[in-house]
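After this come two complexes, each holding chain A, first together with chain B and then together with chain C.
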Partner chain A sequence: MPAGEPILNNYLIVGALLFTFGLVGFLARRNLIVMFLCAELMLQGVSLTLVAFSAFHGTWSGQVLAIFSLALAAAEAGIALALFVVLFRRGSSLDVSLWQDLREADQPPVPDESAGDEKPPETSWPHLPPAGVLPQDAPEPNVHAHKSAPPPEPIGAEAAGRKHA
Partner chain B sequence: MVLFDPIPAVVSGASPLSQLLDSLEMALAQPHAGSILRALVVLVVGAAGVYLMLPRGQPAGRRLERYLGAALATAALVLLATMPLQSGSASIAQSQSTFLWALESKSTCYAFHLLAFVSLASALLMVTSRNPVYSALWFALVLLGNSGLYLLQKAEFLAAATVIIYTGAIVVTFLFVIMLAQPRGTARSDRYSREPLLASATGLVLASVLLGTLHYAGRYESWGHGTAGTMRPPAQLIEASAAASGAFREIGGGNREHVSGLGKTLFVDHVAAVETIGILLLAAVVGAVLIAGHKVEGSFVSPKGNPAFQRPDHDHNRRN
Partner chain C sequence: MLDWLIRLIPLFPLIACLTTLVLGARVLREKSHWPAILGCGLSAICSLALVFCVNSREIIPQPVRTVPIYRWFEVASREHHAGNSVDQTARKATDDAGRLPDNAAWDRSLEVTIALRVDSLSATMLAMLTFVATLVAIYAAGYMHGDRGYWRFFTEVSLFVFSMIMLVLSANFLELYVFWEAVGLCSYLLVGFWYERPAAAAAGKKAFVVNRIGDFGFAVGVFLIWTTFGSLDFEKVLSPAAIAEVGAKNPAMIGWICMCLFLGAVGKSAQFPLHVWLPDAMEGPTPVSALIHAATMVTAGVYLVARATPLFAAAPEAQMVVAFIGGFTALLAALIALTQNDLKRVLAYSTVSQLGYMFLGLGTGLMTGISAAMFHLVTHAFFKALLFLGAGSVMHAMGGVIDMRRFGGLKTKMPHTYWTFLIGALALAGFPLLSGFWSKDAILSAVHEAGHHSASTPHSSAAADLPESSSTAGDTDSAHSEQGPRLLGMCRPCLYELLLWMASITALLTAFYTFRAFFMTFHGPEKIPPEAGHHAHESPSVMCIPLWVLAGGALALGAALDQHTTGMFGRFLDWAIPGVYPAQQEEHVNAFIMGLSTLLALAGIAAAYLMYGTASTLPARLAALAGPLTRLSQNKFYLDEVYSALIVWPLKALANLSRFLDWALIDGLIVGGIGKLPGLVGRLPRPIQNGLVQFYALAMTLALGVLLWVLLTK
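After this line comes the complex of A and B, so read on.
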């Protein structure tokens, strides 16, 4: 090692701290895009570690692995950003807490009380057609109502009955 | 070299609390306990700074907490880099003088410290920015600092690829999506963190464990029977690994192949992985087009005046 070259430990420490910042942001932030940026930050910390070990051992293997992780990050970003666009179209918000109904069926919802007393923004679900009266026992009528609502009664049923009477 | 004296088995009758106190006492009696405690204090200061900087719904006028948090985090970083190590044992004192890394008066070392500081400070600001656009821009700065660090480690191709692919393509795509999908103003989800205290505490634990491991590994153990402290492997190990998979750097410091060596390794030794990654990227592109191009049922993206996309309440009003 030439004198004055920073030793391997320094790069490993910077990589570890980058990873830690990414983890903190991933846990603390709510915006889906910022959470994904924090995941990319963790990838950057790992890449820095890989390159440091590559320079340390004097071989190309670490750099090759870092290049593969770069390609993986690109693929991941494409898929995730497409998903975010679709989620924003459905819910008008990127808050990750609004998507708790995607959890496993037997899991209780995680209470989210650190958000102050502001109400979440109104979700823009489509209005039901006039004939589509929701039944009384419908579970969670405002979530995915357009998909899970049972087929409404035909419009003319009641009027036809009245005419017959 | 033995790091800790082995802690003798505690008497079985003692309560867990007294066992814990005993082991704490024995840990404090170790020769390096002072430097460990100081490192923990510095990390706690850094975690407090991160907690203060995280958005917790503060009104925009009160910036004092944010500035205090930034000052605390910066102080923790500077202390980590410059705090002198307690000379508990002879090998520590002779190997390095500061706590975490050696400050040497060479230009590479200054460049390293500058780039590392840029990287870490931008990472902190990225994590704590209220505006996602600022987060993406700070992430671009993190990437620039990281590519500078790659250059310092003689990974030229990776540095260029990081700037071109990450900063040029991925971050720009992020900015596009943020502009496509961003509600008016700063959203509530950006002004309130989710459990900022617990998240900072988790980061503190992770940072302590990682830095402690690196600290001991670098100082007292050696990677592959190298010299403790400098963490260099012996020359024969370098030669063996270079012979196994292409020389990265000439042992004697002569000329080395830059990108051609990397290309040879990539397309000779790892050609199957390259093809697999290519297929994966293709699948990702097709999947992204399928997902994002899919019309969501009931969304309001339809153009006005298109009778196929009339909103139902309009029909209702017209009928009445």
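After this line comes the complex of A and C, so read on.
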């Protein structure tokens, strides 16, 4: 039995605990950001285990893999957080069960019993103006009007209209 | 020179058919009748020349002349090709004794050559056929004038004449079968000529389907002939030596072959079980009814049985069946014709009845009977074509109306039609000295003779003439004469005695219904239906001239050819079927039969005059008296209904069942079921795709747990 085994055991226990917390959190929570953090937790648990084994065996391959997974996690975080922003804009909520629409077409929706009848308050959020509109012609920033306002006309059409007038 | 004469006969109508087919619609149009008339006319001239050539032994010394056209196909077994067998086949083919090759040497080869075979039988048929066809073509030029399918009509008529000529000139059974089907096709096309009318289309279909039944029998007969005789050539199959050889080995086989061939003849010649198509075929144009369904095509069955006489001579039971079916049909059709009100239908049933007479003559098995049947065929062609063309002339004038109750008293309006129709009706009724009298009398005396002199059956006399086969055939014949051939439990003389009475009653009925139609149409107060319009006058001369020519034939042909006067016909046909029958010299005038038939004809005409020629209430009272019988006759003995119930409806039900099975079982269960199966299987796991991310994650976790557990506890 190698000498570093008790220390390895400690690392492995911590890694397994991290993975388990992450897994339980991922399954139990519905907030997208918390779920994402839990997924990161699982990833870090696995990374820790890899590094521990690498050190125990005296090879580099586990550590190289851990570096790779870190880079991957960073990219994943960038994409996932951007998606969360978009989803939040559309649903005004971070509850993942709002997005059951991707089920089979003829399946009934799973009702959300824990949420109660109370709907979350209607709130509106600041948004960036659409790209491609001349700054001086941009409509007044009206936070409530973005749904009913007509879409801004393209630049060429507006310019032609002004010349005509 | 003579070969070219023979080749020209079918060539002219073929050229006419092709010319009209190619040029008719665009170039010839209203002149489309010229190729048909010229083709048939030239062909008729050649045929008449041929008859005289055949009739004089100086020009054709042998009774049969065969002109090969081309070799259609040849099937030979392997050993046939292996040896130097080409010479052998040549020798076999020219084996003039006509004996079959030994069974061991017979290697099931088959060689079919399209050839034109002329003997006096086919020459007679040819002359009658082309002559009547020419007259009908001339008549049709007037009758069909202005029809939309004018050129189509003459194309199909020319095709028919060509096919019929080839049928008559066939040199083997397969060639005969091919053109048998070809005339059936032309009949179908011409019956359904006015295909826009549903009745015409249905009649064409019926004619075709009913003929299929008969043709099936004919086909089986041809197969049997090939397996039994190893050849299809008339030359070999109909030679007495070959028949005696086969009869010695397998006596029943000849009978089966005869019955199969006769089934084909029954279909084509509209005899009892299959006669139902002919009256319906009257939906076609009247010249077609005259040419195809009275004079020529329907006599193909008679021709077939006459051609196969050597075979029938070896099967006395088959001959009795032929005679019985013929006599029964003659009586049945005459009974139906009594009450029909459609002029063309009366004539159609009369055709069926007269064809029954011909089969009766053929079935006597005597040389006189066969020549009487062919004689009746020729005279009947003339007077029945005449009657049909006369009916067509009436129909032309009456604007298409053919129901005899709706017109009457046309005597003064249409004098030519009146006189020619009268001649035709007298000939059909068997009025003394007209053609029908002679031929019908010949048939009746042949039946009489068969009933009384049955001791000398033709079989024994034929067998006695053949030295090689006398022992074997004589044995079978003595076996026959011990028990005597029986049909329906009747001995041969009893049967022919019965048939003589049936034929005599038929003769009486024939005279009656013919003159009933005649008096209803031409006598009594003048009645013209409103459809006639300005047409109600005599037909143009292009239609009247053929009527008069045919009337001449109906008047004189019988006396010119009968054995009691010139005897041309009997002499003529003796040569056609050499070797089977000795040329019979007994030329006694059968006064009893002659007196009987004269009496019957006069009685029938007189009865018709009493009932329909004078304004009398007799017909109505008689009809009321014999109510059920009248209804039976009016409804054609309910035969159409019986066939409908026994055959048509079960078949329709079967078809519906098949359709249902196809729809439910094949399409629904098998094809559709297999198609639906993946969908059904896919429906099972569909609920787990519920869109909840946690559910997916849980499923993955659990699956991972199960996997780990399996891996770790192994």
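The definition used in the following text is that the second predicted complex is superposed on the first by the 98 of 165 C-alpha atoms of A that agree within 3 Å, B and C clash if a C-alpha of one lies under 4 Å from a C-alpha of the other, contacts with A are read in each partner's own complex, and residues count from 1 in each chain.
By definition in this document, contacts are C-beta pairs under 8 Å (C-beta built on N, C-alpha and C of every residue); 3 or more make two chains touch, one makes a residue touch a chain.
Remember, predicted model here, so these are calculated numbers, not experimental data.
Chemist: Touch check for A:Ser47: first (chain B), second (chain C), both, or neither?
Modeler: A:Ser47: touches chain B, not chain C.
Chemist: Looking at A:Ala73 after the superposition, I want to know if it touches chain B, chain C, both of them or none. Which is it: first, second, both, neither?
Modeler: first
Chemist: Considering only the touch criterion stated at the top, classify A:Leu27 as touching first (chain B), second (chain C), both, or neither.
Modeler: Both partners.
Chemist: One more residue to check, A:Thr59. First (chain B), second (chain C), both or neither?
Modeler: Only chain B; A:Thr59 stays clear of chain C.
Chemist: Counting residues of chain A touched by each partner, does chain B or chain C come out ahead?
Modeler: Partner touching more chain A residues in the overlay: B.
Chemist: For A:Ser97, decide between first (touching chain B), second (touching chain C), both and neither.
Modeler: both
Chemist: Can you list the residues of chain A that meet both chain B and chain C?
Modeler: Touching chain B in the first complex and chain C in the second, residues 23, 27, 30, 96-97 of chain A appear in both lists.
Chemist: Along chain A, where are the residues that touch chain C in the complex?
Modeler: Listed in rising order, the residues of chain A that touch chain C are 23, 26-27, 30, 35, 96-97, 99-104, 106-107, 109-110.
Chemist: Which part of chain C faces chain A closely enough to touch in the complex?
Modeler: 686-687, 689-694, 697-698, 701
Chemist: Could you pull out which chain B residues touch chain A in their complex?
Modeler: Per the stated touch rule, the residues are 50, 54, 56-57, 80, 100-102, 104-109, 112, 116, 119-120, 123-124, 126-129, 132, 135-136, 139, 142-143, 146, 149-150, 152-155, 157-158, 161-162, 165-166, 169-170, 173-174, 177-178, 180-183, 187-196, 198-200, 202-203, 206-207, 210-211, 214, 217-218, 223, 230-233, 237-238, 241-242, 244-249, 251, 253, 261-262, 265-266, 269-270, 273, 277, 280-281, 283-285, 287-289, 291-292, 294, 296-301, 311-313, 315-316, 319.
Chemist: For chain A, which residues are in contact with chain B within the complex?
Modeler: Those residues of chain A that touch chain B are 1-14, 16-25, 27-31, 33-34, 36-38, 40-41, 44, 47-48, 51-52, 54-61, 63-64, 66-68, 70-79, 81-86, 88-90, 92-97, 112, 114-116, 118, 120-121, 124-130, 146-147.
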